[in-house]
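Both complexes below contain chain A, partnered by chain B and then by chain C.
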Partner chain A sequence: MVPRSFARSPLTVGSVVVVAVWLALAAAAPAIAPHGPLAQDIANRLAPPGPAHWCGTDPLGRDILSRVLYGARLSIPVGIAAVALAVMLGTLIGSVAGAAGGIVDEAIMRLTDLMLAFPTVILAMIISAALGAGIRNAVIAIMVAWWPTYARFARGLVIGARDREYVEAARAVGASPLRVFLRHVLLNILSPIVILGTLDVGRAILTFASLSFLGLGPPPQIPEWGSEIAAGRDYLDQWWIATFPGLAILTLVVALNVVGDGLRDALDPRLRKA
Partner chain B sequence: MNLQTYVGRRVLVLPAMILGITLLTFVLSHAVPSDPVAANLGDQAAADPAIVAAFKHRWGLDRPLPEQYLVYLRNLLHGDMGVSITTHQPVLTDLSQHLPATIELATAAMLLSLLLGIPLGIFSAVRRDSVVDQIGRGVSLLGVSMPVFWLGLVALFVFYARLGWAPSAGQLSPRVALPPFVTGFVVVDALLAGQTGTATDAIAHLALPALVLASSAVGIITRMMRGSMLEVLGEDYVRTARAKGLAPRRITFRHAARNALLPVITVIGLSFGSLLSGAVVTETVFAWPGLGSYAFLSATSLDFPAIMGVGIVVATVYIVVNLFVDVAYAMVDPRIRMG
Partner chain C sequence: MASVGPGREAETAGRLRLRRRTLLRAAGAAAGIAVVGRAGAGDTAHAAAPSGGATLIMAPSFVIRSLDPGHTLEPDGEMVTHACYDALVTFDGSDLSTPKPHLATSWKVSGGGRLYTFTLRPNVRFASGNPLTSADVKWSFDRVMNLQSNPAFFLANVEEVQAPDPQTVVLRLRTPQPSIIPILSNGALGIVDSKVVMAQGGDAGPDAKTKDHAEAWLQSHSAGSGPFMIQSYTPTQELVLVRNPTHWRAPARMERILLRHVPEASTQALQLERGDLDVAMSLGQENLGTLRRVPGVTIQTSLVATSFVMMVNMDSSLSGQLSNPKVLQAIRYALDYDGILAIAGPGAQRMAGVIPNDLPGALDPREAVKTDLAKAKAILKEAGLAEVKGRLMFASDSTSYGIQYSLLAQKIQSDLAAAGITVALDGLPGTIELGQYRAAKAPALFGGYAADYADATDFLVYLPGQLVGKRMNWPANASPAAQELAQWGDQATQEADPKARVTLLRKIQRRLLEIGPYAPLFTPALPFGYRSDLRGVTYNSVWEVDFYTIRRA
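Up next is the complex of A and B:
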């Protein structure tokens, strides 16, 4: 099943391992974290990395390693959920545009033009200014900012699939337009869209971390990588506060991007040589 | 289609696009049931119906949405974007004070990423699979995977706190006065006023945030340039040039790189958007007094007149930049005008 070119690159294989390790760490965080994510060791505030706290402690004396491990339990699902929602919304709107054509298509495409003029973070800020900060609203913000990309992609695929023989055949045997659209068009364009979405999970994790760094994510007591880095902003000399959550984001996102690139190369041989 | 018609057509669509942007910004910041009342008045005042009614009336929140939008639009045409709830200044004044700093930062970052990304992309393609290529690919991978706010903190820690090479955060050193306001770009204004000391100080302050902000655009441009260069190097005319016995340097730069640059031009416009996103985050790390810091302040305090202003300005800047990029592309590549 896994194409050989994918398994042959040591970088790709290493990245798969890194992603797997992060998934395992996220799942096992409550069992392996040395401390609770909220437990405060006031006597050891701002302690540098040492035997008691491997990655040091933050200004409230909380164990940074534990908070980084717990942070994975939030960032990974949120990244996946944000992309999944954007993909669903974008596919729905984009395939309606592609199937309907005419003025509906034109209107939807112009709307995506406008949406794409807003940088994600600014859009997220506008939405947060209306809805308030929070995990749910950060996810909504990413969904609202990203659906146009998937909508355009889905529209192109629907237009490509609309006139294929199997669709024509379904129409010829008397399938209703809705059935043709759902069973024969939509089902066939899903896999490239899902792949495109998978490639974006790393970027979504990064965006979510940026939003919570800006205070548009979860409240401060919840362990989250971006807001932990924000907490280290006022303590430049206590480098460990921001360093470890940052490394967590970097390793996970680099690995996800390498896996994504490998996946794309393996599935699209035309790009392999490039 | 000739160039004039193409440019004319694109410019004519611009007002409609900007109108769409205002509508979209308005809908996004109003259509959802928000409660700016409680956020801006505090719980005690929000409990008093008279104060709440007065607040809502002041901001037009007691009228139906379409009417609110029309009022907003009418004021906007008169250059009135409302008054910021946090700074109590007209939003337009706030924006004109903050926009130049952001443009200065984003332009510096864009220049840096072109200066780094284009040569790196060319050499990666020419010396494919060499050490340079590996480094180039590593840089572009790290560039797109790096949390820019974290890179900013690390850079501040290493170059300011530890090595002392970079000045502290901010646009100028504490004892240096702002140059007289002409363009709003501190470096340009200082040079115009002949204050070389101030200009040097401003450039020193600009270097680190611009480099940090450039990181993701460098990655995108290197990757794009490399891919486009590889494609061009495989073309027949490059083989012909080789067969003629032209010097490899001449082929690389005169024949290949010039043509490979074309698709990269489009990416410049598109990555300007991510640059503006990154600017918001970078500015908060480096205490840069730009639009990002202002947006951050207004978003966290539910200051909707201010955040709407930021949204409209940023999206308009993005659209105008991309218009220029497309026109530049059409000028160098006549095939675009046919489409």
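Up next is the complex of A and C:
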């Protein structure tokens, strides 16, 4: 089903490979990480990259390569989960608005306008700080900050779909409103929403890393890219502490974004080149 | 605690330090999220005065609530009052063990340890030219007591100050308190020129709290006999001191002292490297490596009168099994003290008790508990405590003496895990963590208590029923043993014989480790740097840097 234009761009293909490699590394981290992500070795603290520690060690003597690999096991699922939750919540609220119309629609849309007026990262920070630091709360924060985008999108799609002939037909044969909505409207608008969500996974990973950079993520011993960068920011002489987790975020997020763009271009007929 | 700095309470990024009665908290909060970068380095305005020659340029953390001796308590404020006002006694350099005569040439103790009679140095004049007499001493002390401001607690035990003749001052205490001598060295107890300050609205009477209006004037002027005088002060930005040409010990070598606000550690490092700063006091551990290689810069560390201790709340509804005496014992054996010292940085020392190593009365570091994982496990096994769980609170945004609290928290967590004690880390912003600790709600935590004055008895706050003890929900009547410990504490405060006092303080600390909820970690060291052509730069825990001893080679 993937159009040929998608496969033809070397950048997109390369990015797919990068994402695939990261997924494989995350899955295989326990098998391939040279050290435990929590194993401290104070005598060997701040060791530069070398044969014993390919990416050096941090101020507690932990192996940075192992922590970066284990970090992927947290960042990728968290990014996907945060987006999935935001998509679900946003789609639900948005389609209710689109389907119901009138005052309900009006109220929900003004609420999304209100939410969208806040910069999302700041909003996520406030929510995360109010709920307390932690992975679960960071995911909730991203979900709460992001659902309005999906709600608007879903509402537009629902409004576009609700008067189509096949929906009319379903109504005409006497299907209940709920059945019409679930089987005929929702199912048909789902794929563009899922694609938009895929596009956002990279951004969610970045937002999660930002939150934990600010101390709003998991407890400090848990390997997580954002907090690893935060731990290294005072060590200008020991560049390797912040550099490797930084590279991890860079490669994964850029690759995810390129893949998302490629996917969008491929599936959007208006953008497809003749 | 952004440092359990009950003493100097919030130690946060940078080294902002506030003491017990100080109300300034906002500064600590602002230091929360500090992204260190070198970007700001070029922004700091260059002062008109050229570096070098007889001007000394320094960057303290600039937490100065007041420069009026009757109100100041912050270390940076005391650095200035120490330079402008002479006290009755002093200490040499970084020493905190031997009080030296200063404005008082000698003192006698009588009346069962309650009467202190000081003989004043003859022919001392204030910078104004007025002679310094016992009337000025009495007026200065009365003013501090009656203003009831931050430093008033220094003299809380003083019943009356008498000036029987111009060269003699008598302090009558309520109870014997030998620590009054080191206390008198604090800059806040420097002697002010009563005539000048009275002319500026100063008042030392019982209603001084409302009647005294001299603080505003004393913010930009000084009225002491010290080696320097305040020339100008722009709050939070710049402070200029000039030499007092008539100082009784002979004028200082430096003509001017320029204190500038340079907020970031890495900016200070860069300016020191370039020679824009002569002395930098807020250098992070992470900048030291580079600075040590810079020619023309000298890096030193100075042991400070602060005790870093891990503490557990005695209220088991908060701390769970951690407050079990067997678990406390196991914690003390489980900690990897050598590793913790590596994090504390060069110069820090292992501490056996709760009194910092640089104060008389400290336990010999060789007496300290040795790491013994097997023993820790055996103790837990014997007590039938297979799985111990708890929570360790820490200030996630705090750094003091270059030590990142989050690193120390992770180190402690990993050490305890090796012995089978699982603690979850609860990182909170420094100000919130401090609040939890003060409200006696912290389950377990660690931090540094900094001395308010150079005396070991200041550290009896750890005893049951005292400041820190209460915050650990450990009242004096917790047990007969705690009661006895509290009594020993009272005895130590009053004991006049230095030897007997040291013996008693050591006995107290040994008992404290048997029954108390503490695991002493280390006495930290402050890294500071200065241009190598300077001589006589020392760091003192109470007044930081003494400008008088500094000169250029």
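Keep in mind that, in the parts below, the second predicted complex is superposed on the first by the 271 of 274 C-alpha atoms of A that agree within 3 Å, B and C clash if a C-alpha of one lies under 4 Å from a C-alpha of the other, contacts with A are read in each partner's own complex, and residues count from 1 in each chain.
We adopt the following convention: a contact is a pair of C-beta atoms (placed from the backbone, for glycine too) under 8 Å apart; a residue touches a chain by one contact, two chains touch by 3 or more.
Model, not experiment: these values are computed from the prediction.
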A:P119 touches, of chain B and chain C: first, second, both or neither? first
Partner chain(s) touched by A:N44 [first = chain B, second = chain C, both, neither]: neither
Touch count on chain A, higher of chain B and chain C: B
Partner chain in contact with A:S9 - chain B first, chain C second, else both or neither: neither
Contacts of A:A133 with chain B and chain C, given as first, second, both or neither: both
Partner chain in contact with A:N188 - chain B first, chain C second, else both or neither: neither
First, second, both or neither for A:D237, with chain B first and chain C second: both
Footprint overlap on chain A, where chain B in one structure and chain C in the other make contact: 133, 214-215, 233, 236-237
Chain B residues within the chain A interface of the complex: 17, 20-21, 24-25, 28-32, 34-35, 39, 141-142, 144-150, 153-154, 156-157, 160-161, 227, 230-231, 273-274, 276-278, 280-281, 284-285, 295-296, 298-300, 302-304, 307-308, 310-311, 314-316, 318-319
Chain A residues touching chain B - in the complex, by the definition given at the top: 110-111, 113-123, 125-133, 144, 202-203, 206, 209-210, 213-216, 226, 229-230, 232-233, 236-237, 239, 242-243, 245-246, 249-250, 253-254, 257-258, 274
Residues of chain C defined as touching chain A within the complex: 33, 35-36, 38, 266, 284, 286-287, 289-290, 336, 338-339, 342-343, 396-397, 399, 404, 406-407, 409-411, 413-414, 424-427, 429
Of all residues in chain A, those that touch chain C in their complex: 38, 40, 42-43, 45, 59-60, 133, 214-215, 219-221, 231, 233-238
